[in-house]
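Look at the two complexes coming up: subunit A is in both, with subunit B in one and subunit C in the other.
Up next is the complex of A and B:
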């Protein structure tokens, strides 16, 4: 009896201690997902990354999307601005794309088509459509708010030698999936694996983070893959250069720079 | 000994390659595409050729030279931009041509000021294929034959100055007059009042462009700012009608481009789960301000509203409604001669665009439809395109204008129906 009490005390203390160190076993599943959302989508005050996406179909034919992404946060979990410049393929070179992401309403999106000097406003109420033909949706790129799902901690499990929380998320709001299972690294809270289930409750997409590197002490999944297991199409993503807290000015996220890409940030 | 030889070879080849390598690094890199387009006709007319109205090969080259180093131009983010098209046009028996689409110098002399001088493509406004305050030149022959959308926009020789004070963005453009390219009977038939109907090679109109002189420079101004998620803009244009809207000498079949001022505004932003836009413009006919001159087009009022929505699964729909009204219509009708064609006071035009993407967005199926209940005419543009690889793109489509009358905007084009096929290799 006494022994049991001591054990409970130890566990409780352990819980408090690990909570403070931000890697506790007793974290509520919602908190785990919120931490993951913050680390994955809001890391740093701003971010600059050169990203190579390979879109590979079932037959192995490859298309590429080579882009620079700039992101700036106004507050963690709050408004964000994205600026994307396409380097390749040739037919979309110099095309730019800008997103203002709001926590509580639809994004504002603009696309600049250089051949016709046109800044086009893009209807953005569908977050589940594919980002530039890849297996990632717009929601995958800019994040789904943790409050839109209910989360359950299923178990703990290792992924490539890293111990992870395995959390199941079931949507409360409109969603492209009916269930998502995430393997979240207990130490850095990055999602190392995610599985998405469709209406038939069958697995249809699988995300994996294959490599994690640090810049400025901030870990980034620098190699990622999203596979559509139903169609056999997959998208491999490499973050070739990542820089956090680079000091990207707010003025970059404007029509001016859509038409005239900011060379100091995109080259 | 061998080692010394190797070192020498490496050193010499290094010395040879180093400057070559430097030259290559500094040489501009070209991008662009090679394209073949073919547009067989599916209706008869009396233009130059009966069986097709488009057959050409095109090579587009573009490059950009960035000023580098410590010089003043480099510090001001300056660049020279070039884009040019070499064409072989089988419609005109293999005529070769070169079209300079862009050749300009661009710089940022001040933090809140951009300048672009030279040949450039210019666009603004909120419409989709419908333009009220965008008075920059268009090429409607390209549009009606099925060239890529890029070629609907004609380049301008212009100076564009953009100011970015904190409260708004302001663009000011001064440009040389450049007329719209419109059907002239050579490639496309159209309504020619001198011929009393739809005309082809029999048309012998003489279009008189304003000569280049300081008083004929055109000015276009846009001020815009965001209001939350919405964008508001105002526009001003002072120049000439881009279409030959005035008769100079009827006996000599001479038409000209009357002076025109346009005042307008627009608002665009999220509405009802999609993007809504509204734009209006007042066209002031400076050479016929009260509408009493039957030879010159009257002042007009135009308003355009549009709505686009993403329905999910890469399926988008868009609707537009354009209303045009000829002002001082009483003066216009009173001035007409009994033999003149009478144009309506009002025009209503509806447009729809439906786009659906398939196969990881490599296949695009789209339908654009214009329909005017007042003119009883319309224009259907179905297109299917396929990105076979990142380099190869194939497109198949049709241009199907129709109309009950011969003199309405789309009705006059009704004998130009075609299908078109494009194959493009980008590099």
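Up next is the complex of A and C:
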């Protein structure tokens, strides 16, 4: 099954790529964004990553989120499951967090609080609020469905020597931003830069992928930064280890493992 | 030297007038460069400790110095679908205003809340979906009232009022943003009522109104003074000259101020009125000129003789005034310094004009018009020396001197008692009239919600994660309960409240768990949950990044500096009772700033004023080459000030900024009268050495100039009683009083004093 999906995806991307190289600008902006969505948020069947997040305020003070993230897709563009284990800060060690992401309804989340040995189910419709205090929103972490925006190809432009599509996305559905401009790598369809505009139509957040590495032929933005240009706050993210298609079992994503983290996956 | 100056002016009238006009144009040239600064915060330099610390606290806790509060209320209660829809709509529109800090705007529709459901928690923006059914509305009500952090902030206890908290960028103009918000709520319309409050509105509205009022009342009081002048002298040229001198000194000093790049501040905006007042000193020249002209019937001789007689008192009275104002520069507050120095400069301009422009104008006047004006004055005032009632008054103060002296003494003692009752306070909102929109809104919001003024008490330690200790949280919690005992404290919020709330929410909303948990890890994990479910800034606002410092928010229902002082003392007492060796509390926030600012400016003003009093006394002693004469001529000024502030104490008016500004004005006026009086008295005594006669003559003749000056001035200021800002009303009323008092002190009390001490006073020599 895994094999079939990978094949489909490769084929799909292949078509897009061929069309892009043959007919140049003819690639529809919606397709660019859809390809980006697939590559960036649905890469591999599953993923395991050790992620270090640094939350840095205007004055340079830092807070750290050292976590292991496990992700498993059920179908591309469809349901996803996330399991997050926190190594640091020290006083929240063993806290675990699980998210079931559904494409067409609100997430389900569960949080395990070790100090009182309690698992709480959290129903949330706060896609636009901050992910663990960082400058990323939940939506930034798990992706926004391309169908929720209308896309326009503005131009093509180089970012750090890589040629990109520059696409403007204007929300049709509820959104935290009024406009998003994305610089999407023409080759691997990763977003190298994104700029978000607020209700005053002013730039307020900027995302940048500073380093891209490949694992199993799958490119990953291993260094990312999201900066709030209005507050001066920024979040630096480093993917210290990434592994795709590691064969994470579906049973990991359950309340049992929230309480007793699966050591083989979080090391 | 002085003689040569006015001698030259008499010879070259046209040249003098032309030169004056040219220089005036040069100064006027600077006016387009005008910069305006209405923020009273800028009274303190950026390096002042309170500003530095406030900025640091803002940075540490991601706070915004300026927040506007919009109250929305509905008599039927705000928890109904229509009103909530409006709140959401208004919030959306306000977010679009430039200058509003979008990510930190707080209203029912932007705040996240954690709600307890049967199968877990629900995290969502409060107004994510506008409740429509009865059940949904009931749930909403329950959610709001179950969260103590929302009550009194987003919903009033009676459920009729909610609020939108609108932080604005430091560079944004509070009034401009408020005007746009007003437009938005006007479109939203009734039945809801809307109230706007907050420091930026008060400050910026005050700033803009201040300039409007100054722009309106400077010319109006100028005009009133013109009319009064005309009624006194019946001569347009004279009226023109007098106002001309005022205008010239205003243009020169404001031009210089602007040209040198200083912004026009609250204090310096009052310069025109002050200079107009000081320039009335030239009335003494006209007054004497009229008497002289009647005696010698020759314009040229009359001008020269007038200048010979008046030059010296004019010189000394202007010099004393200038020194008095310049000595304000000894203080630490920059805008007060600037104000003092430039008024001093303007006073010198007036002095220069008195020697040049004034005699030149007198020379170009037609003799026939002067004659005509004199004729009228004679008919009006009686015959001969034309000063009958003043002469009678002079006689009275001589014959009844012991009664006068005793009355004066009793009055002064009574006033000193009054001064001891003075209550120092400052409240910017009360600078607006009681019926003004700002004050009404402020009053209503303070009644309904936690309070529009804000103070912070920052718990500051060196230890990382110190704030996560349950004992620290309990320590803060107890302090909060203590502070809340003050009836003007509406609400306090700290990280302890968040921890308690999360504890309760995690335990099926059981009120038993609304306490600080027992272990540090528990606290840390609750806070972590909060970071995962709320706006990051909710937490950042109350605790810093390394958890070394925590910030207790204290909402105040009053802008009185006095309330803040009480809180600072309460915290001091608390930390003394229960010392916490690892950490200490430091106050901050707008309420604290206002308190410090108020104290510094007020006491800075008072100490500068005392310094200038000493200087003026020294100058008087020097001028008369006599300690006794110096002291005697100092008494009308002193008596005036003592009585005025005694009155402030007795009527229970707060001693605030505008009241403290008054003191400097009295400096400018009361001393002039005494100098004119004593100088002329001594001149007269040289001619006819009879003390009583000389006194009666002085009360009658230069005394008339004093009365004219006082009336002119009192009228000019009385106009300000119709202003819409209370500080101007205060200044207007008290100035009129100061004029009456100081002229009475000079014309009644001073003669009585002189006669009483005549044995020990030398009338000869001197100057």
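Quick note on the criterion: the second predicted complex is superposed on the first by the 244 of 267 C-alpha atoms of A that agree within 3 Å, B and C clash if a C-alpha of one lies under 4 Å from a C-alpha of the other, contacts with A are read in each partner's own complex, and residues count from 1 in each chain.
Quick note on the criterion: contacts are C-beta pairs under 8 Å (C-beta built on N, C-alpha and C of every residue); 3 or more make two chains touch, one makes a residue touch a chain.
Fair warning: this is a prediction, and the values are worked out from it, not measured in the lab.
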For the overlay on subunit A, clash or fit between subunit B and subunit C? clash
First, second, both or neither for A:118, with subunit B first and subunit C second: both
Using the superposition on chain A described above, determine whether A:91 touches subunit B (first), subunit C (second), both, or neither. both
Name the contact category of A:260: first (subunit B only), second (subunit C only), both, or neither. first
Is A:133 in contact with subunit B, with subunit C, with both, or with neither (first, second, both, neither)? both
Answer with first, second, both or neither: which of subunit B and subunit C does A:64 touch in the superposed model? first
Given the options 44-52, 80-88, 98-106 or 116-124, the segment of subunit C that clashes with subunit B spans residues 116-124
Shared subunit A footprint, subunit B vs subunit C, residue numbers 55, 57, 61, 63, 89, 91, 115-116, 118, 121-126, 129-130, 132-134, 233
Of subunit C, residues touching subunit A in the complex: 59-60, 62, 92, 95-98, 100-103, 112, 117, 119-125, 128, 465, 468, 506, 517, 519-522, 524-526, 528-529, 531-536, 539-540, 544-546
Quick one: in the complex, what on subunit A touches subunit C? 55, 57-59, 61-63, 86, 89, 91-92, 95, 97, 110-111, 113-116, 118, 120-126, 129-134, 198-200, 204, 228, 230-231, 233
Which of the residues in subunit B come into contact with subunit A in the complex? 31-33, 66, 77, 106, 108, 114, 120-123, 149-150, 152-153, 162, 164, 169, 224, 229, 231, 268-270, 273-275, 277, 308-314, 316, 360-362, 387, 389-391, 393, 424, 426-427
Subunit A to subunit B touching residues, read off their complex: 55, 57, 61, 63-64, 88-91, 93, 100, 105-106, 108, 115-118, 121-126, 128-130, 132-135, 233, 255-256, 260, 263
